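In structure tokens below, several structures.
What follows is chain A paired twice: with chain B in the first complex and chain C in the second.
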Partner chain A sequence: MNVIARHRIILPVVSLAVLLAATFWLQPRAMSYFGLNLLFNLAVPIALATIAQMLIIMVNDIDLSVGAFVSLAACVTATILNDTPALGVLVLALMVAGYAAMGVVIHRLELPAIVVTLGMSFIWGGLALFVLPSPGGTSPGWLRTLMTVKPPLIPAAVLAALLIGGITHLMIMRSGLGTVLRGVGGNTRSVARAGWSVTRLKALAYGLAGFFGVLSGMALVGLTTSADANIALRYTLLSIAGVILGGGEFTGGKISPVGAVIGALTLTLAASFLSFLRLSPDWQIGAQGAILILVLTARLLFNRKGVAA
Partner chain B sequence: MTRKMMLLGAAGLVAATGAAQAQSDTSGMRIALSNNYAGNSWRQAMLQTWQETAEEAVSEGVVAAADAYTTSENQATEQAAQIQNMILQGYDAIVVNAASPTALNGAIAEACNAGLTVVSFDGIVTEPCAWRIAVDFEQMGREQVAYLAEQLPEGGNLLEIRGLAGVFVDEAISAGVHDGVAQNDQFEIVGSVNGDWAQDVAQKAVSGVLPSLPEIAGVVTQGGDGYGAAQAFEAAGRDTPLIILGNRQDELEWWAEQRDANGYETLSLSIAPGVASLAFWVTQQILAGEDVPKDLTVPFLTITQDDLDQALADTPEGSVANVSYSREDAQQVISDAR
Partner chain C sequence: MPDPGIAPIVTLTDAAKHFGAVRALDGVSLTISPGECLGLVGHNGAGKSTLVNVVNGGLAPSGGEVTFHGGTDALGAGVRSVFQELSLCPNLTAAENLRIAHGGLKGPGWRRRARAEIRESLDTVFPGHGIDPGAEVDRLSIAERQMVEIAIGFAPRDTPARLVILDEPTSSLDAGIADQLLDHIARFCAGGGAVVFITHMMGEIFRVATRIIVLKDGRVVADHGASDFTRTGLVDAMGHVAAEDAAELSERRTGDEIVRTEDGLAACEGEIVGLSGLAGHGQAEALARLYLGETSAWRSRAVPPMVFVAGDRGRDGLLPLWSILRNMSISILRQGARWGLVDRAAEAKIGDEWKRRIGIRTDDVTNPIMSLSGGNQQKVLFARALASEARVVVMDDPMRGVDVGTKQDVYAMIRAEAASGRTFLWYSTETEEVCQCDRVFVYRAGRISAELTGADITEERILEASFEMQEAS
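And then the complex of A and B:
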């Protein structure tokens, strides 16, 4: 195997670097503390949602309800958490528990995750409309402060991305439990034979995903200052694309938290890049897809070469 | 022209020039349009008007650029990113037709903090630092009843065609209609149906309710439903009442036919997609240092018997009557709001 196939993180890093260089060339104003923050601050909730999706893909499932769940978390944050913080924390905790329960149901009843999560997306969406029937709500003050903080030297958005990538890397790639969780996706049977309760592990993976989904919704409200029941619907597909772009695979167990964060940043940057190019909106969505296919093709080519060598 | 009128005109001209001189130069400034959706004829006409207004303003040196951007997925987070990109692109002002009244507030606050002027129209935003050019839908309902009271002083029975149930616009127009009827008690609303702003739905709904209704003197509508109502009355073999129309090309065509055949008279009113050009000029006025109130109201595009032929000639088939607003129109709207 060659270097690129062995270190699956190289390609996402290179894609992001190339895109970033092209963006700076097109729009030199972006090359500043202020510019980087504007370019990437909306990528923070996307990165958190991508981590949530990655945890599900890690156990060999897929989650079509991330977008609706993040929207619900955003609605709860902008209403209940703001008005009565204790109740808000309780509701958000219940939502995380609900996610863990969803994992148990999927595993115990051997239901396909794609169907269960699709169904759940309508439930989350309905609850979001129930909590916030018309767009509105207010971000809690501390959250707004946190999301607009201006640390010295490094823009907050970049710092947040580094933190999310670093913490999840330690949690999933370095810890013992993380290794077992990846094992659930890679080879469920051998993990079960080794004496682990797969049900509990799946509940943990889904619960963690729910936790990151809640964080994503909170981060989003901190940025937008108020919510809307449909605010994050496109995160579902963005998060899947982010995981794959970041070097993850659908086969379970093969994931990279740092890659996932980079994937989310790359997708956000791709949209800005196309906007700076002044490409017509009719072509933009297609061009975004083209960038995605280009990166995946590059990965496949390198992997093939690696196998051949 | 009498001498007095000439003098008045001259005084007006001096006043206008004086006002123009007081304004600062905007020729080096760049305006961006952030639009969330382009998938229907109204939005297409809106973008078209923006482009025409922008090209003319740029060629005359009023502003340096006025570029239009449309998001591809009609999503608030996508539009928020688009607005943040516009800040980076160094625009002086952003005109927004928003995907959500609240979810863009963070991005708009960023723009305001960076010193940009933000003007929202049609799809307005709640962020206090932005200007809002909104539609007074209740007034649209009241104006219909006021016209009926003028045309039918003896009053009579009214049929109300409403829009899509549960949508804010439908409730607002209907509230205005009921308010108008309360002020003109010679009218009584004897029936109410949902036409969903579509000719076919309106025709079906009116046909269904007509047999149970007494003689109808007038029909109040919400736009996009007048032609269907007329077809339903004709199919039922009843006299065509006074139907208020909503500026759609098929409605105007029907009106012209009826006028030529039997001298039919009515009124047509709706919001013109050209409101984008109004937003452009309001933004230009703000950039020029004019003191503009934060909340402005869009005037309706009203077509009367006299302008019918012109309006019909100007409206492409299947589209909606449009008008492009000028700088003077914007100044009028601003002074009305003061």
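And then the complex of A and C:
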């Protein structure tokens, strides 16, 4: 591994560390088991949605329906999965299959993913309203237990982030199939020439993204105990920002699962940090954007230096 | 000649491939047997790439038959291709790229095995290559990428390689590395493998090929043992007459110095300046620095001070979704524009004029650029640069994958343009081209190591200057 290649992950780590240090400095009480859990609790569903987005960006597409899809998954979890678990599992599985089918359609008909996913986001949104017309529903008991578990020493949220990062890293960066999937983003033609079915690979990437989207919705319901058809709409942009913050690039299959999880944590932390600054909520979205631009600028300068060296 | 005692690897019977009205391949019958090194020549658009794609199973023929012996499909029969345009996944490492081609690398420890396999293959073909199999491909130089790609082509993989098709494999390699490859091809064929070798370098063809096939307009016009051809005979068969008088280097008058950089690169008005040396020693970077420095002003002028001819077409040159005309006219839109609107009539006129002058093989310049063969795409890039009124033309190894006839045409055009006062800065990996220049800067390890003029521009002097320091250290 050469030095610059490793740098890709250094910047996300440094941004998270700086933000964490600033938060602790503002609010020393956050530096505890309980505090950390509170800070990063909501990062778990965001991290899962970010991984879903990353899987799509990995094959040179972009997904504008993640937020609506996670909302739908949350609604299904809070209603059907709670009432009739078997049917709930079936519906969630169908949703994953639907995502895979979306990948096939995008590839086969050579449609731009940005348009198809934008259209699909309205379908997912409509289905979510159909399942749960008004906010409500209940989280299944086991899910609630799982999301509020208190492991010794490490806060659950941090442990979950480590697990998500570790598992997806093995899956995408280390496994053979993951390598081929990244190859699709790097040079689709050369993968096809080597005898792979790009349609199947895209279906796999989209299917996996759907799977992580479903997990994200479930995790969200486990934390909030109820759902709402619009519960996760902002995840679409958060997940894209998370992937990019984590060192990923929009094209060329250059992504990092560990980075994506770190990016999601950074974004969550940024919100808390701004609250600790007593910034009015009106300004928070803008300030969050400013943090994003700051980190990306740092990355750009960093990359330029890397090229010049 | 095929030996009737050995089963062939692949047989084409009257194979044809049509793209709409274009007959890219017009009935080719061909048998490739173990132990053969087949040299495939022909000018741009003669159908070489199409033939290769039919042989490797990438394209189904529209007529005739392709039979693979020893397997149901090309991959199963051990047919591999190394393409002219670099086709690795740049975001993956060399070893991971091997994984894509080699489906059998599975299970725990596959990364270690992949690294070992690619390293072994690189060591076999290019001893002393110095490439780290764990390095991401986009951190490698073009030459190194090409080496990795060739190594993947010859790697053991699932079924051993029986026929390896090399499309212009040496165009981005320097002489020493190309030598290693040619030696390996000879060894591989001696060991019972077969190679289809496409190149525009006559010397290479005659060095390794046992049999030479000449393609012209989608047909085989000659198919003999290599010893039955002479250089001129081969060029004649391709349908171009080689200009023998490359050394027509009269002391041409050049004007005032108009380019001078900090690292010593200089050029006068009307001069053709060559940048030479081993591939990847900073020539392309020097040109990029110069060009970007001159043309990156916030407010651009209607006539830019410099224009650029890309060698890496896919990366630096083509706008792949645009038509031939748009690709050509992008450099001159400001010249004919009124009120910020493009003058369509003038654009079309210039497009037709350059199509004729530089000989772009197409019926209609509004066709998509990707419908052209590689060499013709390159002509469009030349037209783009020459059509503008810029006084300085910067060329980054622009003859990559361009055939002999086109090269002669372009050389003549460059000389004519230089005579009318234009300045050319020309980086080339081919000594023959560098010898066309009035002045040559030889680069070594990112710096200019020699400045040669006039009669001093010889292959020996250039090689001397390229290698000196490496021997000393």
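Please note the rule applied: the second predicted complex is superposed on the first by the 303 of 309 C-alpha atoms of A that agree within 3 Å, B and C clash if a C-alpha of one lies under 4 Å from a C-alpha of the other, contacts with A are read in each partner's own complex, and residues count from 1 in each chain.
One rule holds for everything that comes next: a residue touches a chain if its C-beta (ideal position, glycine included) is under 8 Å from a C-beta of that chain, and two chains touch if they have at least 3 such contacts.
Here the structure is a predicted model, which is why all the values come from computation and not from measurement.
**Q** Under the superposition described at the top, does placing chain B and chain C together on chain A give a clash or a fit?
**A** Once both complexes are aligned on chain A, chain B and chain C fit side by side.
**Q** Does the superposition put A:Leu39 against chain B (first), chain C (second), both, or neither?
**A** The first partner, chain B, only.
**Q** For A:Arg174, is the partner it touches chain B (first), chain C (second), both, or none of the two (neither)?
**A** After superposing on A, A:Arg174 lies in contact with chain C but is clear of chain B.
**Q** Between the C-alpha centres of chain B and chain C, what angle is opened at the C-alpha centre of chain A, expressed to the nearest 10°?
**A** Given the fit on chain A C-alpha atoms, the answer is 140 degrees.
**Q** Classify the contacts of A:Ala30 with the two partner chains as first (chain B alone), second (chain C alone), both, or neither.
**A** So A:Ala30 only meets chain B here.
**Q** Per the contact definition in the header, classify A:Gly253: touching chain B only (first), chain C only (second), both, or neither.
**A** second
**Q** Using the touch definition from the top, say if A:Gly217 reaches chain B (first), chain C (second), both or neither.
**A** In the superposed model, A:Gly217 contacts neither chain B nor chain C.
**Q** Should A:Ala194 be classified as contacting the first partner (chain B), the second (chain C), both, or neither?
**A** Touch status of A:Ala194: second partner only.
**Q** Touch check for A:Gly98: first (chain B), second (chain C), both, or neither?
**A** So A:Gly98 meets neither chain B nor chain C here.
**Q** I'd like to know which partner A:Gly136 touches here: chain B for first, chain C for second, both or neither.
**A** In the superposed model, A:Gly136 contacts chain B only, not chain C.
**Q** With both structures superposed, pick whichever of chain B and chain C touches the larger number of chain A residues.
**A** B
**Q** Quick check for you: in the superposed arrangement, does A:Ser272 touch first (chain B), second (chain C), both or neither?
**A** first
**Q** If you've got the overlay open, could you tell me the nearest Cα approach between chain B and chain C in whole angstrom?
**A** Superposed on chain A, the two chains' closest C-alpha atoms are separated by 35 Å.
**Q** Flag every residue of chain B that touches chain A in the complex, lowest number first.
**A** 38, 67, 69-73, 75-78, 80-82, 84-85, 87-90, 100-107, 109-110, 114, 126-127
**Q** Under the touch definition given earlier, write down the residues of chain A that touch chain B in their complex.
**A** Checking each residue of chain A against chain B gives 27, 29-30, 34-35, 38-39, 41-42, 45, 135-137, 220, 222-228, 230-235, 268, 271-272, 275-276, 278, 281-282, 284-285.
**Q** Sort out for me which residues of chain C touch chain A in the complex.
**A** Per the stated touch rule, the residues are 58, 75, 81, 87-92, 96-97, 99-101, 103, 105-106, 110-111, 132, 134-136, 139.
**Q** Can you tell me which positions in chain A touch chain C when the two form their complex?
**A** Interface residues on chain A, with respect to chain C: 1-2, 4-5, 174, 176, 179-180, 182-183, 185-187, 189-191, 193-196, 252-254.
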